[in-house]
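Order as written gives the chain letters A, B, C and D; numbering starts at 1 within each chain.
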Amino acid sequence: MTKAKGFMALACLLGAALSAFGPARASDVDYGKPGDPIHLQVGYQPYYSEAWSGAVIDGLALWKKYLPAGSTVDFNIGLQGSIIVNAMLAGKESIGYLGDMPAIVATTKRQVGDLRIVAAIGLGYDECNVIFVRNDAPRFVNADEAVAWLDGKTVASPKGSCADRFARAVFEKKHVNPTSYLNQSIEVITSGFRAGKLDGAVLWEPTATRLVEGSLARRIGAGNNFDERDGAFIDMRADLIQQRPDVVKGWLEAELEAEQYLADPKNAVSVAELAQAQTTGFQKHELWRALFGEYSAEEGGAPVRLTLPFELTAPALEHIKKATAFLFSIKSIDTPELPSDAVLPELTTDILKEHGLTAPVGEIKAQPESAFR
Amino acid sequence: MNASQVPRGALSLQDVVKIYDPDGSNVMAVDHCSLKVEAGEICMIVGPSGCGKTSLLNAIAGFHDIDRGSIRLDGEVLCGPDRRQAPIGPDRVVVFQNGALFPWKTNLENIAFGPIAQGRLSRAEARDKARAMMAEAGLSGYENDYPGQVSSGLRRRVEIVRALINDPAVLLLDEPYRALDALTKSVLHESLLEIYYKTRKTIFFITHDLEEAIFLGHRVVVMTSRPCRPKRIFDVDIPHPRDYGVLTSKRFREIAAEVAEAVNEEALKSFTRGEREG
Amino acid sequence: MSVAQPDRPLLAETLTQWAEAFRRPTLYLAVLGYALMLGFWYLTVQVLKLPRFSQMPALTDVMREWTSRDPAYGVSIFTPIYYQHILVSLRRIAIAFALATSLGVPVGLLLGWSKAFRDYVFPLFEMLRPIPILAWVPLAIIMLPGDELPVVYLTFLASFFATALNTMLGVKSIDPAYVLAAQCLGASRWRIFAEVIVPGALPFIFTGLQISIGVAWFSLVAAEMISGQFGLGYLINTSYTTVEYPTLVIAMFTLGIVGYSTSALVRRVGEGLMTWRTRQLAMDGRG
Amino acid sequence: MASDVSLAVDERERRSSGARLRRKLNSVSTRRAAVSIVVALLLWQLGATGPSWLGMRIPILGASPSPVAVAQAWSHLVADPNYWRSWYLSLLRVLFGFASATLVGVPFGLLLAVHPTFRAISYPAFELLRPIPPLAWVPASIIFWPTQELSIAFVIFIGAFYTIVINVLGGAEAIDVRLIQAARSMGASRGNIFWRLILPGVAPSIRVGMEVAIGITWEVVVAAEMISSGSGGAGGGLGFFIWNSYIGGSYPNIVVGMISIGIAGYASSTVVRVAAGRLTPWQRA
């Protein structure tokens, strides 16, 4: 037994050595002092048109104007918001462009990482909430009939995304029960339709327009048909907000300029070109139509494709509140309401006041086909 | 199983040649070997290791073909010019060097395997006959054990009984007692003789052990080194039935000296050639 | 491997073994080993919050979630969904394993026994085998209808190769003397196949089955992660994308436990069926 | 009638490799192998191009790309540098994961075998995690490790590590205890018993462990690349190449990727077999 005692001693020694590390708030990332150049890691989604303001900041390098000299920014592509949330929680990224569900879920993981919602960059009805059925599905009179058809079918949607939240909200509202509700990424869904394996899917633009233009599936409705909004937000790590208010303000200034650029109709085509440069497998027209083109009413289209609140306006806060309650009911998060300081509206409100602007800072109206050249 | 049947098991090998042709460098294992074994005779084959004795036995059993000459059993052609390879059959049962009892069958099932496989007896009849033969061979009580559970000596006796139940014309024994200790060997020699005296089966027995050859055999055939051919045949004129007392008799010593001298000559030749154990 | 003496009642036998176990130090050392591992996990994640470790789910959170009546993310031993994931995975493993065994063993026996069959089939076999099973995932998704079939197919493929190969090795390992002895005793080619080749290859077949169940779990997890619905692999991947880390760890440990018990079952069944083998091993082989 | 089991006299000494090779080439089995491969390819070609000659799609085979399409795709890819880059990346990951697993696994296995108390403590914990398949570690590994490269390397490490340790342990236990007693009776110290006796005794099972482990590393690297590419990684490698071909809808490339991995796997296991063979010269087959 003497050997065992030896090992016991060794184990205690090991424990002591580890605790010598000192319980520094190890999970905080050190961003340096205000004014120093900063090396930012940003998680953004060129494959999610509601959050294209991130793509515009990257494409036009707007961040250079507002961040301290010598700073660098790495733009990391996430195929869906929750991938970015994982990276932000792990401290690999500190700013994230997220759909409503991941943005909300991110603020409920305090024991892993402290993230806050700082800006509402888009509110709409058919940017994230778009429903598809297979091409050979029967003709439907309206969206309700189409959704009813999905009962007992195979439906796919990227779990943990804004589309997932919308899909489950609609299925609950319309008492629809697909036999298999698959968790598949937007890519797998695209090839799933190509291989004829899916009956339906719920996903976001621009992949939605790609399915339509590639005639891989048929769009049968969106948020407008079910009075279900979709929204996109910016989350930031609390330690970044606390250590570097200058960088946060600078980034939000760049965000404001990007949203104003998006709101100007004549920039539509250049935004599409810019998005094409940051994605693979998309035609320019698909990207243009995803945010700026028009869709018929029965396809769930509406004259206004997207409003750009920038500030956390009342409708944006209402949407967050409603979505949080729903996410708790389906056990996606473990609290019925977000912590009080999870949402920080004052950051964007101050900037708007400085610029003498009021939210929303812009609106994207559907343009006729002729507008694309 | 009475001895009054027409005596069977007369083997005659004429001019048998066996050439192995692994990768073109053909090696002659058996060189114009001619040998006659009377019905009911215990014929002992002795020779240096790797001299081709086993190939001879394999040819008789039909495990492989021969290149020239012929082998007859009771006058019938087993293999010859028009049929190179003898058919394998229960008339010539082989008992292998390190045993071939099926480990997954009990001793009884092993013995009953032959008659059932040939369809001569029903499962029940075969089992009864096997149980009777085991009793006769002093093996009762071990029927339901697996071979792995009994001693190697006992296993060897079960294997002999497994051969005998098919009433073969010839028993082909390929150094069956090689891996056994001297004590077990002597017990097995006596049990083999006991069985022989009851059945008078022809026994074609290959061995390295000179004393074993002389003690058991009517005749001892000393083979040359590779390629093997009968070099000298000794008649062991000690009368049967024999018991272990024979080993110390003068006549036994004389024969042993002569046989040893003939064998050593060949053994030296094959040793210098670095023959591995055949 | 000690063989329990049949005359002493089994209960007495196990009780004495338990009593001995408690006296020997190994039990305490094993507990120490587990304590050290869990302690390391608890220490680094919760107490010290080391740089990389702080993101990992905490030991107490995982345990609380696993055993809570109303788990935060809906998965614990008290929720039916937990058992649905386990059952779906087990069903897939069972189907794939059964198919792989019922196809793999005969093919393996034929590969070992008949030269013609081996000449024709083995080259194809050897060309397909080096391709990692999971490289088949995209092709499986495209070629096979539905989302259940590709997952089962992948699991089947991994097991099939393992079973067939080991069965073939089993046939090859049989001492030729048995075949010749059976021929001497007048057995037909078919009877030799049934009463010599098959029993003779059994030990290898059972090692093959144990490898096959392990490989099956290996492929099932990955297949479920990529394209499945329900199942432990699926649960692992989904709880990653939806940032439910405690559920992720629960799924991993559950997978470990379920995987281990199925392999142990296969091993126990194997040993049971081969009574002659176990007794033979106890008597240290044939003389 | 006798089955293929031959009872030829010992032929190994008289075998000359030249003759053996020539004999093997035109032997019956090689001809049959050629026939079966050609027939398989033909069936696949006909199956895949069902509509062209049969007018309708054949159920399962119909969805697969035809061998001709695969060959064409491969001819384009050969000129494409990042096809070879994915080879390079996957090979790098396999090598890195395999080497680290061997460097850690062999000593750990030996320590388990030699040191009873260490074994009593760490083996149960080691066994607790063993049934968890390596790929179940991918998400946890992505969370834990800072870069995607490290995450995949860790998963490969897990796959190979367990195999090597189990084999080394098995090998050490199989050493005939009488050898150790004999060495000890000749006054051998613990040190040289280990170096002179246990290590060479375990060498063959280290070799087997490495050969099995390299196979597993290929299984793991492909899947890890696929899974992590599914969750946002952009790491490249043959697994990623296959996944990208699937996503991009260019199905012939998928089959090219599969065959490439088969070749890479086969080549690396041969290299390991030869290299590890050095470990046990006395075991020359």
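Operating definition for what follows: a contact is a pair of C-beta atoms (placed from the backbone, for glycine too) under 8 Å apart; a residue touches a chain by one contact, two chains touch by 3 or more.
Just so it is clear, the structure is predicted and the values come from calculations on it, not from any experiment.
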Taking each chain's C-alpha mean as its centre, the one farthest from chain B: A
Chain pair, most C-beta pairs within the contact cut-off: C-D
Mean-CA-position distance for chain D and chain B (Å): 49
CA centroid of chain A to CA centroid of chain D, Å: 40
Approximate Å spacing (C-alpha centroids) for the pair chain A, chain B: 86
Separation of mean Cα positions, chain D and chain C [Å, integer]: 19
Set of chain B residues in contact with two or more other chains: 63, 88
Multi-partner residues of chain C (at least 2 other chains): 25, 29, 32, 36, 55, 141-142, 180, 183, 237, 240-241, 245
Multi-chain contact residues (two or more partners), chain A: 4, 7, 80, 83, 86, 90, 188, 191, 195
Residue ranges of chain A touching chain C (in the complex, touch as defined): 1, 4, 7-8, 11, 15, 18-19, 21, 23, 25-27, 80, 82-83, 85-86, 89-91, 102, 105-106, 109, 111-113, 154, 158-160, 180-184, 188, 191-192, 195, 197, 331-334
Residues of chain B that touch chain C when the two form their complex: 61, 63, 88-90, 92-94, 96-105, 113-114, 117-118, 146-149, 151-153, 155, 162-163, 166, 179-180
Residue ranges of chain C touching chain D (in the complex, touch as defined): 25-26, 29-30, 32-34, 36-37, 52-53, 55-56, 113-116, 118-124, 127-128, 130-139, 141-144, 176, 179-180, 183, 189, 192, 217-218, 220-222, 225-226, 232-233, 236-237, 239-241, 245, 248-249, 251-253, 255-257, 259-260, 263
Chain A-facing residues of chain C, complex: 25, 28-29, 32, 36, 39, 43-44, 47-51, 54-55, 57-58, 61, 71-74, 141-142, 145-147, 227, 229, 234, 237-238, 240-245
Interface residues, chain D side, partner chain A - complex: 63, 117-118, 121, 142-143, 146, 230-232, 234, 246-249
